Every structure is written in C-alpha cells, then in structure tokens.
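By written order: A, B, C, D, E and F. Residues from 1 in each chain.
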Amino acid sequence: MLLRERLLEILAEDIGMGDLTTEAVIPDGIEVEAQIIAKEPLVLAGMLEIKEILDMIGVRVLKSIDDGVEVSEGTVLAQIVGDGRAILTVERTILNILMRMSGIATATRKLLRKLHEANLKVRIAATRKTAPGLRYFDKRAVMIGGGDTHRYRLDDAVLIKDNHIAILGGVGRAVKAARSSVSFTKKIEVEVSSPEEAIIAAENGADIIMLDNMGVDEAKKAIEALEDRGLRKRVLIEISGGITEKNIIDYARLKPDVISIGALTHSVRSVDISLEIKRILN
Amino acid sequence: MLLRERLLEILAEDIGMGDLTTEAVIPDGIEVEAQIIAKEPLVLAGMLEIKEILDMIGVRVLKSIDDGVEVSEGTVLAQIVGDGRAILTVERTILNILMRMSGIATATRKLLRKLHEANLKVRIAATRKTAPGLRYFDKRAVMIGGGDTHRYRLDDAVLIKDNHIAILGGVGRAVKAARSSVSFTKKIEVEVSSPEEAIIAAENGADIIMLDNMGVDEAKKAIEALEDRGLRKRVLIEISGGITEKNIIDYARLKPDVISIGALTHSVRSVDISLEIKRILN
Amino acid sequence: MLLRERLLEILAEDIGMGDLTTEAVIPDGIEVEAQIIAKEPLVLAGMLEIKEILDMIGVRVLKSIDDGVEVSEGTVLAQIVGDGRAILTVERTILNILMRMSGIATATRKLLRKLHEANLKVRIAATRKTAPGLRYFDKRAVMIGGGDTHRYRLDDAVLIKDNHIAILGGVGRAVKAARSSVSFTKKIEVEVSSPEEAIIAAENGADIIMLDNMGVDEAKKAIEALEDRGLRKRVLIEISGGITEKNIIDYARLKPDVISIGALTHSVRSVDISLEIKRILN
Amino acid sequence: MLLRERLLEILAEDIGMGDLTTEAVIPDGIEVEAQIIAKEPLVLAGMLEIKEILDMIGVRVLKSIDDGVEVSEGTVLAQIVGDGRAILTVERTILNILMRMSGIATATRKLLRKLHEANLKVRIAATRKTAPGLRYFDKRAVMIGGGDTHRYRLDDAVLIKDNHIAILGGVGRAVKAARSSVSFTKKIEVEVSSPEEAIIAAENGADIIMLDNMGVDEAKKAIEALEDRGLRKRVLIEISGGITEKNIIDYARLKPDVISIGALTHSVRSVDISLEIKRILN
Amino acid sequence: MLLRERLLEILAEDIGMGDLTTEAVIPDGIEVEAQIIAKEPLVLAGMLEIKEILDMIGVRVLKSIDDGVEVSEGTVLAQIVGDGRAILTVERTILNILMRMSGIATATRKLLRKLHEANLKVRIAATRKTAPGLRYFDKRAVMIGGGDTHRYRLDDAVLIKDNHIAILGGVGRAVKAARSSVSFTKKIEVEVSSPEEAIIAAENGADIIMLDNMGVDEAKKAIEALEDRGLRKRVLIEISGGITEKNIIDYARLKPDVISIGALTHSVRSVDISLEIKRILN
Amino acid sequence: MLLRERLLEILAEDIGMGDLTTEAVIPDGIEVEAQIIAKEPLVLAGMLEIKEILDMIGVRVLKSIDDGVEVSEGTVLAQIVGDGRAILTVERTILNILMRMSGIATATRKLLRKLHEANLKVRIAATRKTAPGLRYFDKRAVMIGGGDTHRYRLDDAVLIKDNHIAILGGVGRAVKAARSSVSFTKKIEVEVSSPEEAIIAAENGADIIMLDNMGVDEAKKAIEALEDRGLRKRVLIEISGGITEKNIIDYARLKPDVISIGALTHSVRSVDISLEIKRILN
C-alpha cells in the first residue's frame, strides 16, 4: 500500500489531466492483450512495481517473469489483458520503471559474475548516489541484481567521511564521539585516506573501514597494516571510489568485504523494453 | 514555492529521522565555508534547484555559476557559507541533483555542438523516457543544455503512436478523431512507419509527423514523399528511435525539424561534482 | 486512482472527524436503496466522479444515466443500494459535485444549441477562470457539455496577453521570442486588441489569434484585415471577452474558429439535484 | 501557514511545469508595479488569501483595501510591486480567488442590506452547498459579507434531515438518540416539514428547528404552533429552501432567527476584477 | 477511506524501506494463523482501526471482539489468517494502536463505573490534551469507553479561557463578543474561576460554564450561586482541573453535568496486548 | 523544514477551520508577552519543536531553557512575545508537545539516575512501542532524557523475534539467513528465551542478544552461559520485558549492555506545563 502512493505520484506526473491521445482516438471499453518484451538480454527488475500499477488500473497479468531472472532478447516479460485505454495510458510509466531498474540490476549482476568467474567472494554495494527521489527503486534494483543496498538514508548507520573529519579534526575523536552518542543498534563506518587512519579507526572501535579513492597499491598497504596489527578481523573493509569494470578484479584480489560503486545508480544505462498490443479481445 | 515541496520530499528521503553521523560528530553551531567543485568539464544544470535547498536551510551562496554555463575541470561552481551540520546533511542530495542534471545538460550540449559544427540547424528534443518521478528535473536539464523539452505529460499534446494505430486501425481515422475532439490549443503529432503513413497523416491535418525507428534511407524516402506532394511545409518532421552520436549527422542532413533521443534522459551519465569544506569560520 | 485522491480530499473536507448526526441516529448495518433525481432539466455531468466515491464506500450503482445525456425534470439519474450511514455521509458531497458540474455542462450545451440552431459552426471554449482548485472538474464539465477545454494550465500552450506585451513592448517580438524558446509541440496564441496587432501576430507565426474584448465591429475589421492579407487561413481565430447569450450569435456570424467564455466556469448556476432514500432493505 | 499549503495546491494546479509564456517572453529580473482593480461595485473578499500568495512569491503590497469593504467600480483594490514574471504567473489564480470570494460576499451583503432596509433582524446563513473542496473559501466569503457560516463540516453540529428521519422513522426518537450519544458541546438541529414535527422536535430538546422548503404560510403556522405551546423561546428557528431575493422579506417577517440560502455558495456570480501592469521599474 | 490514509502514514513511519528482518528470514508465501490476545483485563478499543490495516494487507479476520467490550485476561481479541510476512510487518503498529486506545477506554470505563456504583449520573469528558497528532484516536477511545469527546478542534465550539479573559478583560464582554460573531450553530462555553464570574457568564448567555481548577467547596459555592439566581437550568456545568480517581466522587456529588479529565488522554497507561503466531497453514 | 511539515499537520488537526473563540473575542493586532512555566520538576524536552511552531507564526522567543535541562517547579521555560491571537491559537498544541516529551525525558532521566547512584553503567533504551505516528517525538524525548533510541523503524536493523522463529523454526537458521541477505551495514539482533538459544545466536554471528521476558535468575544463567563459552565479548546483551523502576537495579547488576523499556513511551505520564499571558504590549 505504501508503494502504491509513490507509484501514483509517478503516474500522476506523466498523466496530468489525462491522456489526451488515448481518450481521443481509442474507443471506451476495448479489451486488449499486450506483451512486455525484452529487446536485449537483461536481468529483470521492477516487475513487482509495475504489477502494483497494473493492479491499480484493473489490468490482469496472465503470466510474467520474476524479478531477478536473467532473460535473453525477445523474451516476453509479461503478458497482460485489460482495458485498452488504461494500458496505453500507463505504458510509458511502466516501461520507464522496468527499463531503469532492469538496467541497474543487469549492471550489478554483470560485475558479480565477473568476480564469480575470478573466484572472488566480495560483496558489490550501491551508494547513496541514487537519482533524486528514487532511493527505493534504485536500491531495490541493486538488491535484485545481487548487490548490497548499503545505507538507505542518513539515519541508517554512521559513516564518518572526509568532510566530517575536516571539521572535527581527527578520526579517533570522531569514532569515539559516535560510539558514545549513537544507538547500540547502529554500525559505525569510517572513510579513511591512509593506512594510519585505518588503524586509528579500527583501534577506536569502528565496525567498518572504507578505503576511499585509494589506488590498488595504497589499498593493499592499508589492509596489510590492519592485518599486521591484528585488526583485520575486527572490522569489515569496504573499498570505494573510482572502481570500474576494468579495475574491479584488481581491487577484489585484496579481499575486502565489500566494493561499492556509485555509478551503479548514478550513471544508469536503461535496457530496452517495449510494450506491444497483440490482439483486440472484443 | 512549488519546487520547494518537491525538494523537501527528496531531502526527506535521504535524511529520514536525521543525519546520525553529523549529529554525533559535528558540534552544534559551527559555521563553515565550502566549495562545490566540477571534477570534470561540464555544462552546469541544477544550480537553481540546489540554491532553493541551501536557502531553505539558511546557507548563504557567496558566488555561483549560472545554469547553462560550460565550465572546465576544477571550476568552483559555488562558494557557500553556513552551519556545518546543515551543509553536511544536504551534501549528498545537492550533489546528486547537480550531477544528474549537469550530466543531461552536458550530453545535450555535446550533440548540439556536433550539429552546429556540421552547419545543421535541427532541434534536439527529449522524450518522456525520463527517470520515474523526475520529469521536471530531467526536462529542465535538457532545456538548459539547449534542447527542446517535447511533451511534459500525456495532456500536453496529442501523439498518436503505433499502439494507438494498432487498436484503432488507421492513421487517417486516428488523426481525424483527435482533430475533432481535442482542444484547438493542442498540436497533433503522429508516429508513422512508412512514407505512405506519413502522407496520410499530413493529408489528414497532423501538425507533426514522427518518423519512428526508420533507417536513414527510409526516413529520406518519407521526407521526399511529403515534398513530392507539397506536404512538407505543412508539417514539422521529427525523427526518433535509434539515434546515436554516430548517426545523428546522417539523420540531420535530411533536414528534419527535430531529432528526439530517449537516451538523453533514460541513460544518463552523471558528471563528477564534489563538495569540499574549506574553512571553519568560528 | 488519481481522481480518487482528489475526491478523498473533498470528502475529508466535509466529513472531518465523522458525520455526527448519522452516527448518532442511524443504526449500524442498515441497507437502503436511494435515488439521485434531477429536479429540473439538465445535461448530466459528474456521474463518473460520484461513481468513484460510491465505489470507495462500497455502495452499488444499480443503474445510472451517462455523463453528457440531457434529461428532463424528475429523471432518476442513479439508483443506488448500500449502507445507510455511508450514503448519508457522502450525500452532500456527491450532490455538490453533480450540481456544479451539471450546471456547467447544461449552460455550455445551451449555447452550443443556440449556435447550431443558427447554423453556425464555432467552438465554445472555457477559459482558466475556473473555481480555485477545481480546474479538472470545471473543464471536464465544459467538455461533457460539448465545449472545448482550452488551456488546462500555464504550461499547456503559449498565450501572450496584454500584460505580457505591456512589459515586453511589441507583439512581433513576443511571438518571435516564444517561437524560438518554446517546444515545437506547443501552439502559440496571441491576444490582440487591434487589426494591426492581429496582422503582426499572424505574420510572425502565431498559431492562434485571440480578439480580446472587441465589439462585433472591431472584431469584424480584424478578421477582414487578416483575410485581406491572405493570413486568415494560417491562423485560428478565438473571440473572447464580454460574450453573453445575447451577443454570441453576432460574434459567431463573423466565423471565428472559437468563442471563449469565462462565465461558463466563473459564474456557474448549479442545477438542482437531490438524493432520496426510497426503501430500507433489511 | 495552514492556508499556504492549500494556496500552493491551487497555484500548482494552474502552473504545472511552469508558465511557458512568461518564461519565454518576459526577461528575468524585471521589476514592475501593478494594480488590482474592481471593474464593478463589490464587497471585497479574498484579500487576506491573495496577500499570502503574494508574500510567498516575494511581491510587496504597497497599499490595499481590507476584506469586507464595499467599493465602487474602478477602485484600486491593491497596488503591488515585484518581479514581473512572478506577478504574471500568479495573476489568474489571485483573480480567480478574489472574483469568486468577492462575488459571494457581495451577494450576501446585498441580502443583508435588504433585510436592514426593511428593519428586519435575521441572520443570513450559508449551507454546506459550497463548491467541492472550497468550503473554507466559500464560508469565509459569506462571513466577510456579514453572513453566518453555519456548519463547516458534518462533525460541527447535529443536523437531523429528512433522509435521517426516513430511515429512523420519527423525529422524537432521532433527537433523543442524538442527545444521549453526542457530546454536550454540540447543538442539535432538526429539519422539519410540518408544525407537528416542529413541536415534537422542540419538546424533545432540539436546540434549532429548521423549517425546510415550506411556503411562507406553512412556515408561519409552524412558528405559531411553537409559540402557542410556549416552545418558541427554547429554540432557534432557521428557514431554508427556496429562498430568493424576491421572497426573503416575506420569510423574514416571520421573525425566524436565521434564513439560510444554498445559492449563496452553489450558484456564485463572480464579480469582475482585473490586474494591470502599470510601470516597469528597472 | 479517510482513516486509511492516516493509518498508512502510521504504518509508513514504522516500516520505512521495508521490514528487513521479515524479508530476510521469513519465506515469501507462507500463510499463518495468529491470535491477538489480551494480557490483562481491558475494555477493547481500536479493533475497527486495526481491521482497516489488516484489510489493506489482505489479512482475514476470522473472529473478533467488538470495540467497547470488556474482556478478561487471556481473551482472544481477534483470530486472523494471512501472509506471514504481512502480519509480522504490521504486528507492532496494530498492537501500539490497540494498547493505547484500549488503555484510554479502560481508564474511562473505570471512572464511569465508579460514578455508577455511587449512583451518580455525570458525563466524563476528555479534553484537547491528547497526544500530538492523535486527536481522532484518543477521542474515539474515550467515546468507546463511554466518555464524552468534548471539542475535537478549536473550530468546534467556543470555549473562553483564562488567557482570553486576561487579554480581553471581562467575562461578560467576551461572551457577548462571541455570541454576536460566532455561528448560531455553536455553543459557547466559559471557563470561570469564581462564583461571580459564573453568574456573569450565565447572565450573558453562556451555554456551558466550566468551573476550572476549583476545590470541591469553591465549586459547590459556584453552583449554589447559580441556583440561587435561577440560572442553574439555563446552563450546563462542567468541572475541570485536578480531578483524580480519588476526588471524582466528591465533585460528582455536586451534580455538575460533566466532569472533564485531561489525564484520560495525556497520561495514558497502555494495556498489554500481544500477537502470537499459532500455526503455519501451508 | 522537514519537521515543520509534521508540526503543521499536528497544528491543523487542532485548528481546523480556525480558532473560533480567539477570533471572536481577541481583537486583531494585540501584542502580548507570555510565559511557559513548569508546574512540577521536570527534564525539559520539546523546546526545539515548539520553537519551530512559534517561528512559523512569527512569535519571538526572548529567552528559553534548552532541551535536556532539569528544572524545578515554577521555572519559566520560555518567555515569548507576539500576536495575541496567534499565541492563543497554538497554546494547547505546544503544551501538548512539551508535556508529553518532557514526561518521557523525565522518566528516562529518573531511571538513569537510579543506575548512576548504584554505580551501574548500562544503557536505557526505548522500544518501538511508541504512540502511533509519534515515533520521532517519542524517540527524541528518550534521547534528550539520556536514553538510547534503539531502532527507529523496521528497516533500521535486524531484530529476529519469537514470532519469526515460530515460523522459521530455529534461531541459528534465522541468523544465518539474515547475515547472508541483509546489508553489511546492519546489525543483527536476536530475541532469545533460553541460555541455549543465546548460545546458538552468538555462535551464528548475532551482534546483539536480547534476553526477552526472563526473570533475573534466568537472565543471569543466559549471560553466564555466554561467558562460559567465551561468547560474551562478541555480542552486546539487551535485557527487555517486564523491567520496572523496582527491578531495574537487579537486572542492571547482571551487567548487560542495554536495558530496554517499552513503558518509557507506551505509558507516558505527561508533566504539567502551562502558558500564561503576562502583559499586553500595545
């Protein structure tokens, strides 16, 4: 029900006072069958969301593929039956949702497969660099792709970043301040820019250390520094900043727990999906 | 004021119950100076929107670049002064807005420059393939980049597409139906897939003809067919579907009025922009 | 679904914490049959909207007249069956909607009949002078009555008015500015106060010319001036301002394309409709 | 602040994605002076509301007439100074509010004057027959005109009507049921259709008796019946249904406490008010 | 439907992006049977509200106790069947509603029983000292307990309090001002702090006199003063301020019409209610 | 700004169409000075929230006590100056907020003092048993009192409870399921009912163990069992269920990390705070 409210807003944005074209040219009461079709290989995401929309407007889903399934070009993702006007009115909105979410899921899955093929077990995580207002959709698409959602919001976990430290003036002090005032239910993560900071963070009780914008060699040194002091097992290590399809294997070989990638959600390539009217039923 | 409501929703999505980290580690009442910096060359878009956010939280903008200006890497886009906690709390949201909008404006401007350099005067337009819920932001970014916004919503103008024709069964009938029932303030556009349909549409009073998913040769034939029958000047011609940076010049040489490109908004590459705390003022 | 949100707000405004009277005097669980009855001849409008309300509260509509039908006094517009408390609680709201919308539709139809009887084919259009917040309802009622909705909103089409020209200082300049910066999907209309302005507007590419607050003779001159210069067919002509039932035929004889009338929505006479409980069913 | 939310919705309805025309033809940053002018004699209402709108968009009101003041044709209702684009964008919305509210206030005042001139002291009240969603604005306009707002909502007071009695089967029973279950802070009003019902209602403790849709003679009989039994002073008497400018004096001579008139708000004639740009200030 | 919107907000507050735990550990599609159980004796309130929630998420209520019924410890308040994930996700919210509302109803009923056992017929009323945002729920729980809801809002009835009089400077003047400007549908109540003020209020036409923060003896004097002057029957008397379980009988013996108690809603003891999964059905 | 939206809703609930009394009896434009006064000793909470309200309506706060400060009876919590009507209209709402929040903060502080006096360092935490819709306010009040907020929402951290285990059938399985599918940024807590379950939870990687509804002896055994197996340091221990002022010291002596108490927010005793008009300034 909560999702419906959000989807209604998205629909309202596109529909405004009504779908002029459909109301003008499509007779009332025509029942049609339509297919939603993958125009390229993809990992499907967004089916749950568009089913909510279809349900709201009384369109039945005869069969459909589940979110998370990898499909080839030409696959019928859903076969639907309902009022012709209603289907045409929501067509663009449901495709926009499916194309973006599946685009994110597909890119996430691709990176995970790459790690898998190299026999490396590291989580791929999203960041808060999502499209404005689309946090839920973008994070869910990453999850469907097999990724880790990371923080949904600023109240989700503590993440002390460079700008915090710039103001407060010291990693150790920041971690201690967080530990004493934040709920025991929260993890504390610290973004560090050197092996020294990583050690201070770990020693002061950080749960997670983020190696931020480090080259592979720097990252390696930071991890070794933690291992040398017996601090590696006390913390989770996340590598972030500048990770691409090309260098991800190099970073993953350092065996961090997590690699996070902003581009998964801030620079999405939508996959191509279309809706085709197949038959008029009455 | 209307924009503020929307920006508040976007902020709320990221903040939730509060910025745990900032509240825990940054003392109350610290005034800081910060810079928003372009980390790559870009066409700026989103400055108007983030100024609304900064104004809402009482942060002053000392100087800033205007939307639409093309800047080089390293340019300070805005210099701001205000409460440290407030700035850190909105940092990610304002960067997310700037990075996406500037990404769209930059890509739009690049295509326009390409046409300009080839001495071709054709409008570049967006489509309704925007990120769900981001119609306003995505369209505005296209406009700032120099593009045409096309329809904002389904009530904006009539656009008769393949699926409408599939149900109604004929371009001519559809155009006539629209002409008689839709307000005289609206234009009527028709998506056609052959020179024959283009002619029927024009003869029946369409204001705009969209040549959809045609190869360059097909598109050429359609335009010539219209010219041969003296219909070319009566209509605007829009070419759409499968246009890329590579083939855009070929299509533009056919002298359509508009070329529209879904990828401008559905597959955005965000440009890199960061916020850096420069000084503590008290 | 979008309409429901709006109708809920309207209901909420009337109901507040609950219908004190009904809860106090009507026992829970009483099923009743009721009729909605036209107390005077009218063109029905609002049936679609009140059916949404009745559906929301679980009341069944056994039979009903369609929006747009002209009925005589005493006609049963709808026969409904449902929970007595629910029906009484929404009674006033559904009647308020029906009475206003049907009032608008009836007045619109009356003017159109007048034109029809005089064998004149001119569109009757509404303006943006609707009751605040009721744009959708007022425009839809005009449409049901047979009228043209004109612009829904300020982003619907360009309409350059006297105050715009007062600031910018010239019709021609204004039309050119609009043509170059506004999307190709939009029409451009110009309000003119003299034949000279009409000619300038048409020559600069206006799609629609509004003859504003002109007497019949002035309007005639303006139209003739356009005809003399061969510009009449390039534009649509709208006459607006001071049109009443009495003078509409005189204006219509000038063969404009459209006559628009603010009073259709700003000075509505609601028609009389009542709801009567007919039987208790249990 | 509460009013602002509502006004924003009303503005949003008209503005949509933006005022295309103004953005296209009016340069940014032009400061203008404008006047809001009464085009006919009227009782002003809505000034408080439009000042909220003007304040929201940063427009200053140099001088203005107060709500409730009766003005002659040509009176400058407000002189304002501010950004040209902002003023033109809200022009229609503020005029729509002023024209409707002043129309209601003017009509209310007219009836009160009529009673006053006949030396009759009876309250004129509105009903719940307001435009859907405009309860606040319509009731406030009646109040400014000098009328009584009557119930705002269904939870405001008890009003047992014909349909309630049709289901429950008896005025006396209904009044008792209400008296025992409704808060002691609420008045109980009963709509009666005969002198007998009026007596039963008064005897059972109704605070207000509404003589509904009675002719003058019937109403007279009902009031006399109450007087004869010494019940007149225990109750307030409201006459409602079919009251017009023509017959109001006849009803008022019966000395009811209140006469209520649905048409005050359901059939409003908007008064004519315009906004004119006077000067460009920069 | 109106209630649903409010309940959705309450649910949304608890659920956020989703019930992490349930999604992680409970398989999709498991149907369970659960019971809602009273862990102490109580008067049930909130069943109507939680049924709305259960209906929204598709959970069926096999049997349930009605609001207002007094039950012993261990009573099964409702037996429900539905999707395991859905039930666990709303568990806390529905218990929070039931526990608070039943706590209020139970405390209200207890005081009423005390009066009943002492053979005293006085209404027990709530005040506007409800939890912020919970006016509807708190007032309804008082009503279910058998109490009087008093004013829902500031627009419900006039209540002239000490701070009003402090500014205006006189009870008589305040009552007159209210009588002349407020709708005839509203009652006027006055808070008085002495027998003298009580008399002035009654003589000036107050409908209700509130004896505020008076000791039993003072209250007695005030009531006698009204009786001595024959004013007692013209007004309702409400005693308020400092009423507890211990002194309520002493006040009630003075035979006021109403005793109002802020603590009924501002200092609620929630009763203990739990939800237990009984069986997995598939 | 986000808080303002919520406070506006709370104000709207109380104000409705307007404060009838104040509008009727208090002249427009009267400036007053008022004091908010503690009528009993208390820990202040809610000052930040009511300052937002006062700021919204243009009332100035001359001086005020900070949230978290413990004050004695009679302390002036805030001295304010502003429009008389505005202050009286919000009086009840701001007192309702202050009284509830300060009631929660005071109760929390009292328990913490008790632990402090016994030289025991254990966190006191709230639960999700807050008043429906008041999560933010209730949690913040606990924090101001010195307590731990625990989970704000269901997406905040994993907490596997008895009902989850009832469906899934095993603590170990549940913890593993959560660990593998939930983000690495989240802690995992498990509610256990025996020492055996505690051990299984700890061994399977739970971050926090909640000893639920255990007597002091049982809780002791569970903690010793963890210590015996060297698991105590790996986890945080939270004791919950049935903790009262009387037994809290006994539980605290077991040295858990956290004791959580639902009654802190579900059974709040509001503290007494009043607002008094001191002077009229004009």
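We adopt the following convention: contacts are C-beta pairs under 8 Å (C-beta built on N, C-alpha and C of every residue); 3 or more make two chains touch, one makes a residue touch a chain.
This one's a predicted model, so the numbers in the text were calculated from it and none came from an experiment.
Contacts with chain C and chain D are shared by B, E.
Contact with chain A and chain F alike is made by B, E. Comparing the contact residues of chain C and chain E by number shows a mostly separate set, under half of all numbers used being common to the two copies.
Per-chain CA centroids place chain D at a distance of 45 Å from chain F. Measuring from the averaged C-alpha position of chain C to that of chain F gives a distance of 52 Å.
Counting partner chains per residue, chain A shows two or more touched chains at residues 15-17, 135-136, 152-153, 155-157, 186. Taken chain by chain, the contacts fit none of the simple shapes, being neither an open path, a ring, a star, nor a full set of pairwise contacts.
Under the touch rule stated earlier, the contacting chain pairs are A-B, A-C, A-E, A-F, B-C, B-D, B-F, C-D, C-E, D-E, D-F, E-F. The touching residues of chain B, counted against chain C in their complex, run 123, 125, 148-152, 155-157, 183-187, 189, 208, 236, 238, 257-258.
Looking at the complex, you find that chain A touches chain B at residues 6, 9-10, 13-27, 30, 32, 34, 84, 88-89, 91-93, 95-97, 99-100, 103, 128-137, 152-161, 163-164, 166-168, 174, 177-178, 181-182, 186, 263, 266-270, 275-277, 280.
Listed in rising order, the residues of chain A touching chain C in the complex are 8, 11-12, 15-17, 56-57.
Note for the complex: chain D touches chain F at residues 1-2, 5, 135-136, 139, 152-153.
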